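Here chain A shows up in two complexes: once beside chain B, once beside chain C.
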Partner chain A sequence: MKFKALTATAALLAATTVYAGGADDDTLVINGEIEMTTKVAAPPHMADTGISELISGWHFRSDETQQLQTDDFENQGMIFVDQALEAWETAEGTEGKSCASCHESPDSMAGVAATYPKWNEEAGELRTVQMQMNDCRTNRMGAEAWKYDAAAAINMESMIASQSRGMPVNVAIDGPAAEAWEMGKELYYTRTGQLELSCASCHEENYGNYIRADHLSQGQINGFPTYRLKNAKLNGVHSRFRGCVRDTRAETYSTGSPEFVALELYVKSRGNGLSVEGPSVRN
Partner chain B sequence: MASGVKPRVKVPKSASAGEAITIKTLISHKMESGQRKDGDGNTIPRSIINRFTADFNGQNVIDVTLEPAISTNPYFEFEATVPEAGEFKFTWYDDDGSVYEDSKSIAIA
Partner chain C sequence: MKIKAFTAIAALMVAGTAHAEAVSPNDVQYGEYGTIEASLSGAPGDAENGRAVMISRGKGNCIACHAVTALNDAPFHGEVGPTLDGIGEYRTAEELRGIVANAKMTFEGTVMPAFYKTSGFTRPGNGYTGKAAKEEDLSPILSAQEVEDVVAYLMTLKDG
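Then we have the complex of A and B:
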């Protein structure tokens, strides 16, 4: 009996060593047709980070959570995509225009999520998808801007992301975007809060390890907006940043702030090469 | 009627006679439990889907009672035996009296 119990313990230990919060080797195919790149060689700018392979956060989740993302029917994030598809056709504001009035089919948004945040030459600023949406709303539709990461905005962002699923993330970090990228990098490595943690403390130095009962991923944002089981809704990148910074017990920047826009560009560039997964499912 | 309610159903297009098929249903609904309070401390009234049924050619397949503890966007997956070609009819009953319906026909291959 004792021998058996010991074997069971040994087996358990072996199992935990293999899985200890690390990434698995599953492959992600959505609806049996969109094949996702969830592991890829790191881009050149990450040479001094010690990370040679980018791993999507999907690999760090349990099989049950992973499965939810493989089928649009089970991915509850798609409920919000559907709501955004309706909003796409709905005219708002003084101009009586909807998104569809100019952009026509939602297909026209393919590739957008892969390349944003992006430098906008006319405005002379780095723009996230949500900033671009609000520019359309205020200047072309005569509608009110959406609050950053508000439900309507995040739904639309997820719908736009869903058009790019399977395409590799490829944000530009040179040229006019370089300044913001450097700022984002600075923020990434700056320790904040009473716990004195930077993004890198967890997501660069300790991915694959546990943080309390949860697995630390590389902190990739290729799957945003993300449907989280914990709050049963879509979560935006900036809200996620806020949550992380708050957890270091620091005062956070606000969603939509230039700091978070810069950080979004930097973090997204750390995923250059991974497939766009939004809306992904995480716990 | 609660806002943003949309039923979705996934049924195979065809099956062999007598085959047990898997049916998935999902309805977007906020499923307000009646236990929560708003910012001013007032109770938010309960608003949930309290019953779900599926019928095949008029015969009941499943009849579910839903309680307030069930989370948002209730999802059901179940199996049904298909003896003949016909139509599945799905019905969700809201607390406010609204009824949401969807149907899917299935052929015998």
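Then we have the complex of A and C:
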């Protein structure tokens, strides 16, 4: 009996050690009402990755940074969401239309961030939220396309993401999306640049470990766009990818490129089941 | 007289070897387990400079991934690689030279970058600009002498 108790304690100790450098055990509730799923069992398509539990990047940040995301008055990303709510109502372009002319209230966007990038049947292409916004702007409003990840686009994408907060990420990876998904997977595991590192080198093999002062997360994008304290603005998925690829001393792909669209689908699918958190707060 | 002149020439030749051209990254010979037998620069390493290379972000940046107690005055040691405390005790200079030059010859598939290599990369960039670089324009992350300096420093890490 004694022996058994001891073994149990030892097991518990071992378990805590594993998590010592890893993700913390806090829970994320926003504005005291939206409960977030920040840890969840990995989807079946990740069986050969060695990752059994998906963990939001929120768990790898300091308590102070985490705190900022729990309240919309402290989350500075929400200032830009407010700006986008205004833009939503503002008519632009030759047709004299705004987003609201076709979509009415912003809450009609609930679920969008959870399911994009998504295959568009008529266009025969995989579309990110920003590509879809630009399709509306150019084809329905007669307005100019927004530059990829530029302030106007990223603010609107954050507003749209905020409508899905708390909903599980659930992108489709089969059917017509399968080809792009495979391409994204290939990119994820390709070791680039003079440092010869892939996304997996850092975010699959080493999440939980420190690399210099940074605590490596799983590189999830359920929290995008992210408000970063480092540059005091909202940051897009493709811009983050660029930064990570650049840090391998490699030639990056461009924001909005087919490669990054495919990589976005693949990385997003590695978060299927986590709550949409955008806009989140990161350092 | 003749003999003296001969000795002088021989001395000159030895000195010449010490300043010989470094082995170029593409010509490095690795042993079966990834070792490199002789100094890459032809000269011995300077441990003091090796220490500086280890902690410099633009050079080795070794502590980004490795903890080293003797370097605790430099902040933010990483956990991606094992601690290097006592490494000079259980690794030879030949092994360490091979690991620093191209760790993949010792540890297959390791995430540790190769510091003395200039070819065979996918989408190599021009430093940290994100822009493309031509392979023929790449220089190794560390020079031959800097690799030797790092090896000399690692050899001083005796108690771990």
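Please note the rule applied: the second predicted complex is superposed on the first by the 262 of 283 C-alpha atoms of A that agree within 3 Å, B and C clash if a C-alpha of one lies under 4 Å from a C-alpha of the other, contacts with A are read in each partner's own complex, and residues count from 1 in each chain.
What we mean here is this: a contact is a pair of C-beta atoms (placed from the backbone, for glycine too) under 8 Å apart; a residue touches a chain by one contact, two chains touch by 3 or more.
The structure presented is a predicted model; accordingly, all values stated were derived computationally and were not measured.
In the superposition on chain A, A:D82 makes contact with chain B only, not with chain C. In the superposition on chain A, contact of A:L195 is made with chain C only, not with chain B. Applying the stated contact rule after C-alpha superposition, one finds that A:T252 touches chain C and leaves chain B untouched.
By the touch criterion defined above, A:F73 reaches chain B but does not reach chain C. Of the two partners chain B and chain C, it is C that touches the larger number of chain A residues. By the touch criterion defined above, A:A232 reaches chain B but does not reach chain C.
Judged by the touch definition given at the top, the superposed model places A:N206 against chain C, while chain B stays out of reach. Put simply, chain A uses no single residue to touch chain B in one complex and chain C in the other. If you check the complex, the residues on chain A that touch chain B are 73-74, 76, 79, 82-83, 232. Residues of chain B that touch chain A in their complex: 4, 6, 8, 10, 24, 26, 28, 71-73, 75.
Looking at the complex, you find that chain C touches chain A at residues 61, 63-65, 75-80, 104, 111, 113-114, 117, 121-133, 138, 141. Residue ranges of chain A in contact with chain C, taken from their complex: 21, 190-197, 201-202, 205-206, 209-213, 216, 242, 245-252.
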